[in-house]
Structure formats: C-alpha cells, structure tokens
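The structure appears right after this line, and notes come after that.
Chain IDs A, B, C and D follow the sequence of writing; residue 1 opens each chain.
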Amino acid sequence: MPIPDTVPVLGISWGDVLFLVLAAVMLGSALLVVTLRDIIRCGLAMIVAFGALAGIYVVLGAPLVAAAQVFVYIGAIAVLILFAVMLTQAKNAPVRLVFQAQALPAAIAAIVLAVMIALTASATDWGAVTKRIATGTDALARLLFTAYILPFEVVSVLLLAAVIGGIFLAKREGRDA
Amino acid sequence: MTWSDLTVIAPFAAVVVVAALVILADIVKPGNRHLALGVVLAGLAIVGLLTLWTGQAPGTAFGGMYKVDNLTTFLDVIFVAIVALSCLFAPDYLEPRGLPIAEFAAILVFALGGAMLVAASADLLVLFLGLELMVIPGYMLAGYHKRDALSTEGAVKYFLLGSFSSAIFLFGLAYVWGLTGSTRIADVAARVGEIVAGQATLSPGLAMGLAFLTTGVAFKMAAVPFHYWTPDAYQGSPTPVTGYLSVGPKVGAFAVVLRVFAEALLPLRQEWLIVIFVLAALTMTLGNLVALTQDNVKRMLAYSSIAHTGYMLVGLAAYAAGVIGGLEGLLFYGVAYTFMNLGAFAVIAALQKRPGVSSRLETFAGLGRREPVLGILMVLFLLSLTGIPPTAGFFAKAYVILAAVQAGGWLTVLAVIAVLNAAAAAFYYLRVIVYMYMRDPTGEPAPVAHGALLRLGLGITAVMTVILGLFPGLLLPSVSSAAQAIGVAIR
Amino acid sequence: MDISSFPILSLIIFLPLAGALVIALIPRRNLAAIRGTALLFALATWVASLWLVLGFLPGRDVVASAAGSFQFVEAVDWIPHFGIQYKVGADGLSVALVVLTTTLSWISILASFSPIRERVKEYMISFLILEVGMLGVFLALDLFLFYIFWEVVLVPMYLIIGIWGGANRIYATIKFVLYTLVGSLLMLVAILATAFTFQAATGSWVGAFDLEKLAGSGFDGTFQLFAFAAFALAFAIKVPMFPFHTWLPDAHVEAPTAGSVILAGVLLKLGAYGFIRFAIPLFPHGAHVFAPLLIALSVIAIIYGAIVALVQPDLKKLIAYSSVSHMGFVTLGIFIFQAQGLQGAILQMVNHGLITGALFLLVGVIYERTHDRTLAKMGGLGAITPVYSAAFGFFVFASVGLPGLAGFVGEFLVFQGAFAFNPWLGVAITFVMIFAAAYLLWMVQRMCFGPVSEFLAGLGHHLTDMRPVEILTLAPLGALTVVLGLYPGLVLDLIAGPVKAVLAAVDPAVAMSIGR
Amino acid sequence: MSQSLDAYLVVSGILFAIGTFGFLARRNAISMLMSIELMLNAVNLTIVSFGAFIPALNGTASVIALMVMAVAAAEATVGLAIVMAIYRNRRTPLVDEYDAMRQ
C-alpha cells in the first residue's frame, strides 16, 4: 500500500509531521534542561535535545552537520558535561534551590525575547528564499579545505589552546605545589 | 593557499609557532622559567618585526578573508606590546605563588593570535573565531591561580558571561549574514549600503541582528549595562592577568567594533550612533560613580576601566557622526590606555609580590616613603588615568573630546559629560595618591626586591606615558593612517 | 648680545625644572644640599626674570614683535597635526606677574627651610615644578600649552597641601582639586571648540591654538557666549570669585606657610590673568554679555569676603577671606572695562601678591612658635616680639590700603573706575572697606598691644622674636610694598600697553552691543 | 511548514530564548553552561536554516555551523576545567554562592 503524501485525516505532509515532532521534542527537552531539579537529568534531557536537533538538520538537508552534531555535541560536549556533573555533585549536599531569585523576571524576559525573534523572523523579507536545498558532503569538504582553510586552521589553534589551558586548570595540583 | 597568503599571514603563523615553542621548551626543560621567558620574549620580538614587515605591503590573503591594512598593523603592534609587557610583569607575581610561567606565556600568546586575527579579519567568520581565540585564553588566565578561590571565582563568572555574550553576538551575526548574504566585511558593507541608499526601510531582521551584535560587543568591552562581570573577574584574577584583561581584550573588543561597526555597518552609522551615544554616557558615568565607592584598588581600577571604555566610545560616537578624528582619538586612546593602565596594574602586582598582600587601599599607605620609585610611577600612571597633562592620558582625552566637539550638536553634550566624569574620576585616583603620600603605613613590611623584567616593563610603560604626553605628534601619523584604512568612506 | 633672540623665556620657565631634576639626584639625607640647590635655582630664575624687565625699559616697548605687543617670542611646532605650538612670549602684564612669581618663589623656598623638616626633597621638587607651571601659564601664547601649564600647577600644589599640610589636609586638597578640575576641564572643551571653530573657518589647523591669531578672528556671537562661560568658570574658580570661593579658606588653613604664600600670592592671580589674557580678548562679545553678572559677583565678593573675614577666629582664615574680598576688586576692575579699573586691577594683583604673601609668612612665623593661630589667644605681642609686631602692623596697614603703601593705589584706581561706572556702587564699596579697615586695625591693636595674653605668657622664652632669616624673607616684600606705594608707575608703565590692547579688544563689542 | 524558513527561525528563536532563560535563572554553573550550549545550538539552527533556504548561503552555512560547533567544544572544555578548579576550592557549583569579593 503506497504511503499517501499527506497524513490521512489531518492533511499535513509527512515532512511537516517529522519537523513538528522533532521540534517539539527538541524544545520540550530544552525546557526540561533549564527547569529540572536534578542536574543529571538536565544533562540527559540535553542529549535528547541535541539528538532532535540533529534530526532537524537532516530534514534541512544538511546531513554532515547532523553527523557533526551527534559527534561533537552528544559525543563530546554532553559527555564532558555529564562527567563534570558527576565529579562536582556532592552526594550528601542538602537539597538547594535550583533557581536564582530573579527566575520570574528571567522567564518573562525569555518569553518576550522568543516572541520578538518570532515576529521579527516572520516580518522580515528574506529575499531569494527557495525550496529547501540539500548540501552535498563533497562540496562541503571542498569548501572547508579551500575557501575556508583559514577558519579551519584557526579552529584547530583554538582547540589546541583550549586543550592546553584546560589541562592546566583541571590538573589536580600545579606542578610546583 | 598560496605563497603570498603565507607571507601576509606570517605574523599570525609566527604567533602560533611561538606558543608551540613555549610549550615544547617547557616539555624539554620543565619548569625552566628563564627558558620559557626567553623563548616568548624573543618570539614576540620576531612577531613584532614580522608585523611591521607585512605592514609595509598592505594586502589580503585567503581569498579576501584576511586583510592587512594600516589599521591591522597599528592594532597588532599594540597587541604585541600588551602581551610582551604582560610577560614582563608576570614572573614577579607568579613565581612566589608557585605558578608556572610557560603555560601562562603560551596561553597569553594564543590570545595574542586571536586579537591579531580580529584586527586582520576581512570576514565576519574569521572575526568571530579570532574573537573566541582571544577571549577563551582570557577565561583560563583569569583562573590561572587555580588554588585561589577568588581567582577561580572570577574566572567562572568571566567565562559564563563571556560565553553568554558570545552566543548573543553570534546570533546577531547569523542574522546579519542571512540578510546580507555574505560574511565578507566588504560585501556586507556594500549590501548594507544598498539597503540604506535604496531608501528601503531597515528590515526588522537586520535591525534585530544589529541589536544582538551591539549587545554582544558591549559585553565584551564591558560597557554599561553589560559590565557586571568586570569587577569580579578583575579583582579575582592574578594581578598581572588583571592588567592584561583590562587592556588586551578591551582593545581587542574595540578592534571588533571597528571591523563590524565602523567598517561593515558603516552605512548604518546614523542608526548605531544613538546607541553608542547612550552607551558612552552611561558607561563613563556609572563606571566612575561605582569606582568612587571602592576601597580595593584593583576593583577600583576595574570600574575605572569601564569608565575608560566610555571615553573611547565618545571617539566612536564622533566617528559615527562623521568625524574621522573620532576614530583617530579612539586609537590614540587605546595606545595611551594600554601603557598607563598596564603600568598601574604592574605597580600593584609588584606590591603583591609577597603572597597574601591585598590590593586594598591600606596596602598603599606610606608607599611613597617605603618604595619611592614605585610611588612616583604610580602617581604618574594615576595622573595619566585622570587625564592631567603632560601625560598620555591627557592627550588621549583631549583628542576624543576634540572629535566630539568637532562633530558638534549633541556630541558636544557628550564631550561635557566626558570632562565632568574626568573631574569626578580625579577623586578616586587621587585617593590612592593620598594613601601613598599622606597616610602613614600601617606596619612596615620588609622591602621586596623587584625583578629586572618588572623594572624594565615599568620603565617602558612610564616612558611611553610621558613621551606620548609630551610628544603625541610622534604617534599621530600612524594613528592617522590607521584611521584612514577604514575611514575613507566618511566625508 | 641681542636680548630678543636668546630663548630667555624658556630659560626662565625651565630653570626650576632643571633645579628639580638636580635635586632628584641628591641623596635625601643631604638636607643642606637639597635646600641650597632649591634656593639657588629659584634665585637664578628670579635674576633671569629681572632681565625681562630690561626689555620693557622706556624706549624699548616699541620694539614689539610684528604680531602684537609680545616680546621675546619663541615659537616652535609641537604637534603640527593640530597646529599646536610651543609658543611663549611676554608683554608688560606677563613680566609683572612673572617677576612677582619668581620673587615669591625664592622667598617661599627660603621660608620653608625651617618649618619643613619631613620629606624635604619631595617638597623642594614639588615647589620648583609648581614654579614651572605658574611661569608657563603667564608666558604661554598657545592655548594648548597654556592649558598644560595650567594643569601642571594643580598637581604640586595638591601635594604641597596634602603632604605637608595641617590635620584636615586631605579634605582640603580633594576639594581644591575637584573645584579646579571641573572648571579647567570645561575650559579644555572650550579651548578645543575654539580651535576647531578656527579650523573650520580657515580650513587649516595652522594657528588654531595660537592666541595671537585667534584673538582677532571674531567668533560667532552664540559661540562666544558658551566659550566665554566655560573659560570664565575655570578662571572664576581659580580667582576665586563668589560663589566658587569655598575651597580657598580650607586650602589656606591646611596649607603649609609657603604653600599659602604661593596660593594667595600667585595662584589666585592665574584666574585674573586668564580673564585678561584669554577670555576677554578671545571672546569680547561674551565678556561683554557676562560683564554685569561678573561685576555683581565681584561686588558680592568684596562685601561678603570683608564681612566674613571679620568673624573668623583663625588668622589664616581671616586673611583667606580678605583675599576673596581683595580679589573681588581685581575682577571688578577688569569687568568695568575702563582704563583705570583695569590698571587698578592689575596693580592690585601685584600688590595683593606681595602683601598677602607677607601676611601669610607672618602668620607662619607666629604659628611656628605657638602652634596656634587663634586670634583670641593673642595679645600684647608688641611687648614680647617688637619686630614681629611692627612687621605685622605694617603689612596689615598695607593690606587695608593705607596711602603711601602699595595696597592703596590699586584699590584707589578701581574705586575711581567703579565710581565712573556707577557712583552708588563706589559709595557702597567704600563704606564696607572703611568698616573692614577699621576692624582690621582694631585686630592689630588687640594682637600686638595691651597686656600679654595668658596663652602667650605661658609659652615663656619659646616665643622669640623674628630670626634674621625670617626678616630676610619679609624685607624684600616690605621694600616693594613701599616702592610700589610711592611709585606705582613702575608697574603702571609696564602694563600700559596690555591695558590698551585689552580695552581695544573689548571696544568693538561694546559698540556692537550698543548698536543693538 | 517544513518548507518554510520562518518556521525554522521561530523554532530556533524559541530555543535561543529557552537558553537565555536558563542562563539567567539557574544558579548552578554547569546548568548555566548547558543553557549556553542550547543558545549556541539555536544559532546553528538559524545558520543551517538560512543555508537550506537561501541559495547563495547554501555552501557556507554548513561550514559556519561546523565552526560554531568547534567553538562550542572549546568553550565547554575551558568552562568545565574552570568549574572543576573552583569546585576544588569551594565544594559547590552554585554560582551565586561565589561572592567572596562582595566583602
């Protein structure tokens, strides 16, 4: 049986459904990241959000970015953060307030910000907007190593610097101590 | 990548090599301070020479992403000077606290690379990466005294707010990029110019991008009301780092401003002029008012550095109003500020050579008698920061004020706000002099011997502070040509 | 040797600086060498400044430079980018004040030998740098250079009061600096605006800071109002005019003796000089518009200063407030825009410098012995210290304007001008001054005559009469007071040219405003 | 909807706002860092969306997104190292308890 172009009954396309589900999962878990009390669960919710975003990148036709999203954000950053969480959680710490006193104003500010960005995005004429275009992996690699060789090198230097400094700071004791 | 690309980018490449060599030297001979310092100072000298050499032949590289013009060279030389001086001042402070110098120097040199990239960027992506390469080492340096609670506390605050502002800046950048269709600064400027010339109203997306960019940059240069990370980060950091942080990333942030606002978004200057005007007035006034109430000299200088951001913004506002002198004034101010502020922090660092000495005002009591030379130098730097002639700080203030007066109209009001602020600032700068010369010390600590490098560095900053005050004409041609590099479009 | 080509002015300005540098090299324990060097350089500067007078001997005053009445002009490009020059030059007014400065400087340094025993090296260096600043202000012909010297004065004075001053010195210094700085920074804005206006009009920075070029360029009326207001504020604070005078009594009370001498003798004159040399010639229209206000403030200062002086228990405060009153005469004389008034004002500047300087020295003498300046505790000094009492009486007489002494001629000329300007004004001021004079004379009577007060008697043999050094510091001031009292022409001849020039600058403005 | 640029921009805007809220409201340094990561992800979504819908930006969008990820990684490395260092000194990851400098 052929799959119809649109979802039966609702009449929206499958692509839209996919997008909506992914967006809902991403935003929902992002909300959990910033509201959950237990920081380990926050970290897990963040991984879900990153994963959903990778899905959106696929929908957007940028598979390489999606792959990098999985590698970098889930594979490296999220794991690093969870690791740090485990190291810094005192087991016997009393239950503390999770939020600053200004949480309510912050929430209002964030809602205003979201509405503002949404309105701005829809009010702006984006010029030559077309149908979605997929990005070829070959083309991307070629760009990265030709036109964008300088940024590429700079990013390497940046990571090197971060690693050197990170190791120094995270080492248990200074060499001379 | 071609051979010519490599020659144009030689200074940046040299910076990376120097950083790597410092680390290597430390691996070969661990903990050898002399070797590390020798490598880094010699390396910086070479970087400086390469900068001047490439500056002889302005050009672009990497398909127009990297640009060397007179402004690049001018800023690069300042950055090299800042980093070299910081390396001179640091050992006396780090050594007694058991902190290694090699890592310090290497991280600092990485930051130099970032700053140089910012100054040389002809592309917003390179600019952003340069900015990150400049500030991320800053976070690490702020927490460099990692066993000290204050240092790490300052670092974590600096890091969190810095990253937050980076995200904001980047979001703005994304919108500007989406609407202008290019990351090349020249293309962005052309596209924005078309929009402005076409009488089309500024699209909401571009306006929002602009707003985010401004906010992000305002964070980076600690303009009020985005300044609140500064005092803790500055007070907590090891003093030589504070000196560096108060100068390096600040001049770097202005380099970002020059490349983004003064170059890419120049056609929109009427729009951002108002914002800069308000930021400048707020920044000067609030920075000074809060500085008045501080009794920790490091924290006081942190707030005062906020105020100095405000004075520099006056120059930027004048430039936005169509006076190239504003840009020149801003650049001159950057140089003067570099030497006088680094000098002031170096004196504090020298006083704190013995671990445990605080930077509170009491530490300075009777300094004029205890350490006459440090006392006199501190007076010089403080007078320069106040803007008393004949010091570099005076001419710098006069320059931006002249530009504001030249722009006329509301900017004259800004000039008046600036001088009233300068008068108010005299109060807290002079209070340090009061403590040094008019109060008796609270107990006579044994004198400390100061290292040769520190003395050399203090000598350089002092001499520059005086020379730039007495003969500012020496610097004016380079300031002019640097300003011309991006200011040709104006009037 | 042609005295016009030798850079005598630079020599005068920078000789004290050279002295300061030499002292910096002397070990701090060698007090005698430090003091001697300071005095030597101050005396050398004084001698050099007397040389200037030669240029203004009768018959030579015609040998003016082409640009104006300035002589010994030196001009070197300094910051060509903005047309800023190192340009100095002297006319009669400058010379009178330069000689006053150099005279009071060496006297002050000599008078500091005994009271200043702490940090002598820093003290002498500060003092010599202070002299550099003051001389520079009186000789600069470039607005930027002028501003720099103007601010250079601030720092050493701040240090002199702040380090070697009395108990409440920190409050006094901060007040002094903040008042002065607010005014002078606004003046900086005005200077820059003036230069830029000139640049915008001529299309070039050349001469944009040159007083002689600017003075004739006739700025737009509205601009003149703002610019004059900014300049006037800076100068009014320095003079100080009512209501900006409140820093002065504090500063005087806390300053060491020599600091007070220089403060009253020279620093207050910087403001009046600024009016005459810069504010009025540059912005005659503005000067004319603001003149009524400034005259009113001057009159208030004369009366207020005199009355407040009467109720001061502290000798230094008393003299400080009388200075406010006397300087009121100076500004009054300036802003009635009449030849006599202006001559009187300038003469009064010189006289006040000599006489008040001497009075502060005398207060210093008694303070060194009694560690007290309370008027009520004094009495019968004539019996214990006759020389001191005579000197004190002499200078108080001079101060209240006894005919035959210097104070008289200046005040009289200003009175004459004030009468011509408005007779009622003249009458009012006369009454106040007579009243004040009577009171001051009564004060001398209380202090020096009558029975010896318990306080002074308690001091016993510690209360000695004046030492030779102290007499040596006062003698030149006394001599000049007599000479200028008998022959004020010495100064009047010198300043005839500048007075004419200033009035000529104002006249068109007067005509312009009458025409409206 | 999945064919419209606006929808993606709105989603990324909301994500950015959520991140901002988290940064402003949380008091745990690591939570704040996570919030910043959310913001950077929002930026990336914006960039990739532009690339997917505006032909001229197609190629560069992915490159920029990759760069941003690398920057995020560098920031996270340094940030976590600093958090480890302060935790060793203070035994708490709560930022508002770091107030030793407020006298």
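The criterion applied here is as follows: contacts are C-beta pairs under 8 Å (C-beta built on N, C-alpha and C of every residue); 3 or more make two chains touch, one makes a residue touch a chain.
Remember, predicted model here, so these are calculated numbers, not experimental data.
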Pair joined by more contacting C-beta pairs (A-D or A-B): A-D
Computed distance of Cα centres, chain D from chain C, in Å: 65
CA centroid of chain A to CA centroid of chain D, Å: 7
Approximate Å spacing (C-alpha centroids) for the pair chain A, chain B: 32
Centre distance in Å when chain B and chain C are each reduced to the mean of their C-alpha atoms: 43
Touching two or more other chains - residue numbers and ranges from chain D: 16, 19, 33, 54, 56, 60, 63, 67, 71, 74-75, 78, 81-83, 85, 88
Two or more partner chains touched - positions in chain C: none
Shared-contact residues (touching 2 or more other chains) in chain B: 125, 129, 132, 136, 140, 143, 146-147, 178, 181
Set of all touching chain pairs, with the criterion as stated earlier: A-B, A-D, B-C, B-D
Residue ranges of chain A touching chain B (in the complex, touch as defined): 116-117, 119-121, 123-127, 147-151, 154-155, 157-158, 160-162, 164-166, 168-169, 173-177
Chain D-facing residues of chain A, complex: 12-13, 15-16, 18-20, 23, 26-27, 30-31, 33-34, 39, 42-43, 46, 49-50, 53, 56-57, 59-62, 64-65, 68-69, 72-73, 76-77, 80-81, 83-85, 87-90, 93, 96-100, 102-103, 105-107, 109-111, 113-114, 116-118, 121-122, 126-135, 139-140, 143-144, 148, 151-152, 155, 158-159, 161-163, 165-170, 172
Chain C contact footprint on chain B (complex, rising order): 368-369, 383, 387-390, 394, 398, 401-402, 405-406, 412, 415-416, 419-420, 422-424, 426-427, 430-431, 433-434, 437-438, 471-473, 476-477, 480
Residue numbers on chain C that touch chain B, as the complex places them: 78-82, 119, 122, 147-148, 151-152, 154-155, 158-159, 162-163, 169-170, 173-174, 177-178, 181-182, 185-186, 188-189, 192-193, 195-196
Parts of chain D lying in touch with chain A, wherever the complex brings them together: 1-3, 5-22, 24-28, 30-31, 33-35, 37-38, 41, 44-45, 48-49, 51-56, 58-63, 65-67, 69-78, 80-85, 87-88, 91-94, 96
